[in-house]
Amino acid sequence: MAEKEMEYRVEMFNKLTHTCFQKCVESKYKDSELNMGENSCIDRCVAKYWQVTNLVGVLLGNNRPM
Amino acid sequence: IEQLQVRDSLRMYNSLVERCFTDCVDSFKRKTLDKQEETCVRRCAEKFLKHSMRVGLRFAELNQGAPTPD
Amino acid sequence: MAEKEMEYRVEMFNKLTHTCFQKCVESKYKDSELNMGENSCIDRCVAKYWQVTNLVGVLLGNNRPM
Amino acid sequence: IEQLQVRDSLRMYNSLVERCFTDCVDSFKRKTLDKQEETCVRRCAEKFLKHSMRVGLRFAELNQGAPTPD
Amino acid sequence: MAEKEMEYRVEMFNKLTHTCFQKCVESKYKDSELNMGENSCIDRCVAKYWQVTNLVGVLLGNNRPM
Amino acid sequence: IEQLQVRDSLRMYNSLVERCFTDCVDSFKRKTLDKQEETCVRRCAEKFLKHSMRVGLRFAELNQGAPTPD
């Protein structure tokens, strides 16, 4: 069970990383640094993803915080 | 029973979150969900759950060789 | 082997759910109910997905029904 | 051998079904595949298998450091 | 560890297959053969995918090839 | 620690390769990467790593209930 939970978190982290990269990082790759706009987009994207996870968790009747 | 497990699985949870986030959240000017995004996520999640329950029922019927509704 | 088979069915169910949601449910989420059109689309989508699974199974030489 | 196992795997089966369904089936006015959809699925599946066999061969060559065709 | 490595290769093979199918095979499925153009596209796609894998591996500090 | 393992995982490696390949390589007239494709892949990979490190940090903060930057 703990192992499944762990696997779930890994998968969640991967999906989150993938989704926020898609939403925040321009795909022309003009240079190899993240610019300021991208960085703050990423921070907010992670925060909002987290909120969606919690919101959905409540709807599903999870009583432990995610 | 199998379908119930599937439906309740953590994987389903993850993919529900990803889908509803992708469909409902597109602005990153703030770090908290606004009212509209929250409503969208709620509806999306409820629809997805109803959808996946329906799919589970149909899937179970097909697994048992039952006739499908037309 | 039975475990792999089980895992395969879980994965199939997840793909089917994902694909039929994409094909049948409008992504504006104007309310939280599935309407009649969406419901019948879902039923037919599941039925057709099943048929495609069987058709492909035959092509791959599976002799057990899926 | 590894490639063969991969190719035969249930995961490959699942992703083949998903791809051919997504590419070939777009109408949900009926609950059975029509002739055109069935033909499309057959061709898609055959192409996908040939494709994945070819990829398996090239992949095996690269794993063994063999020169690739130009 | 060897098992994880194996799983990684299976996943890599699956992603490669998926991606090159997307890039090289026309999705109208007018017949069931791969034509010459598709075949050579597939060969090059696999070769380039391999190079990208190695290039990224170097960036990540992998010292074993592949 | 968990996040570090995730970041270093082979799965991440695979998805990085797939993403950068998909975004950077579109021509199959040759069997080797040209200079432009190679540059694109390098930048993509570096950006993805920086991105995933940043996500890992934020994720860890949220897991520990820390306040997030605005």
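In this document, chain identifiers A, B, C, D, E and F correspond to the written order of the chains, with residue numbering beginning at 1 in each.
Rule of thumb we're sticking to: contacts are C-beta pairs under 8 Å (C-beta built on N, C-alpha and C of every residue); 3 or more make two chains touch, one makes a residue touch a chain.
Everything quoted here is computed from the prediction, not taken from an experiment.
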Shortest path length from chain B to chain C (each step joins two touching chains): 1
Chain at maximum distance from chain D, centres defined as averaged CA atoms: A
Angle of rotation relating chain C to chain E [CA atoms, steps of 5 degrees]: 120
Intercentroid distance (Cα basis), chain E paired with chain A, Å: 27
Mean-CA-position distance for chain D and chain A (Å): 31
Residues of chain C engaged with two or more neighbouring chains: 24, 43, 47
Junction residues of chain F - those touching two or more other chains: 11, 15, 24, 31, 42, 46, 68-69
Contact set on chain B toward chain A in their complex: 10-11, 13-18, 20-22, 24-26, 28-33, 37-38, 41-42, 45-46, 49
Residue ranges of chain A in contact with chain B within the complex: 4-5, 7-8, 11-12, 15, 19, 23-24, 40-41, 43-45, 47-49, 51-53, 55-57, 59-60
Touching residues (chain side chain E, partner chain D) in the complex: 6, 9-10, 13-14, 16-18, 20-21, 24-25, 27, 29-34, 38-39, 42-43, 46-47, 50, 66
Chain F residues within the chain A interface of the complex: 2-3, 6, 9, 11-12, 15, 19, 23-24, 40, 42-44, 46-48, 50-52, 54-56, 58-59, 62, 68-69
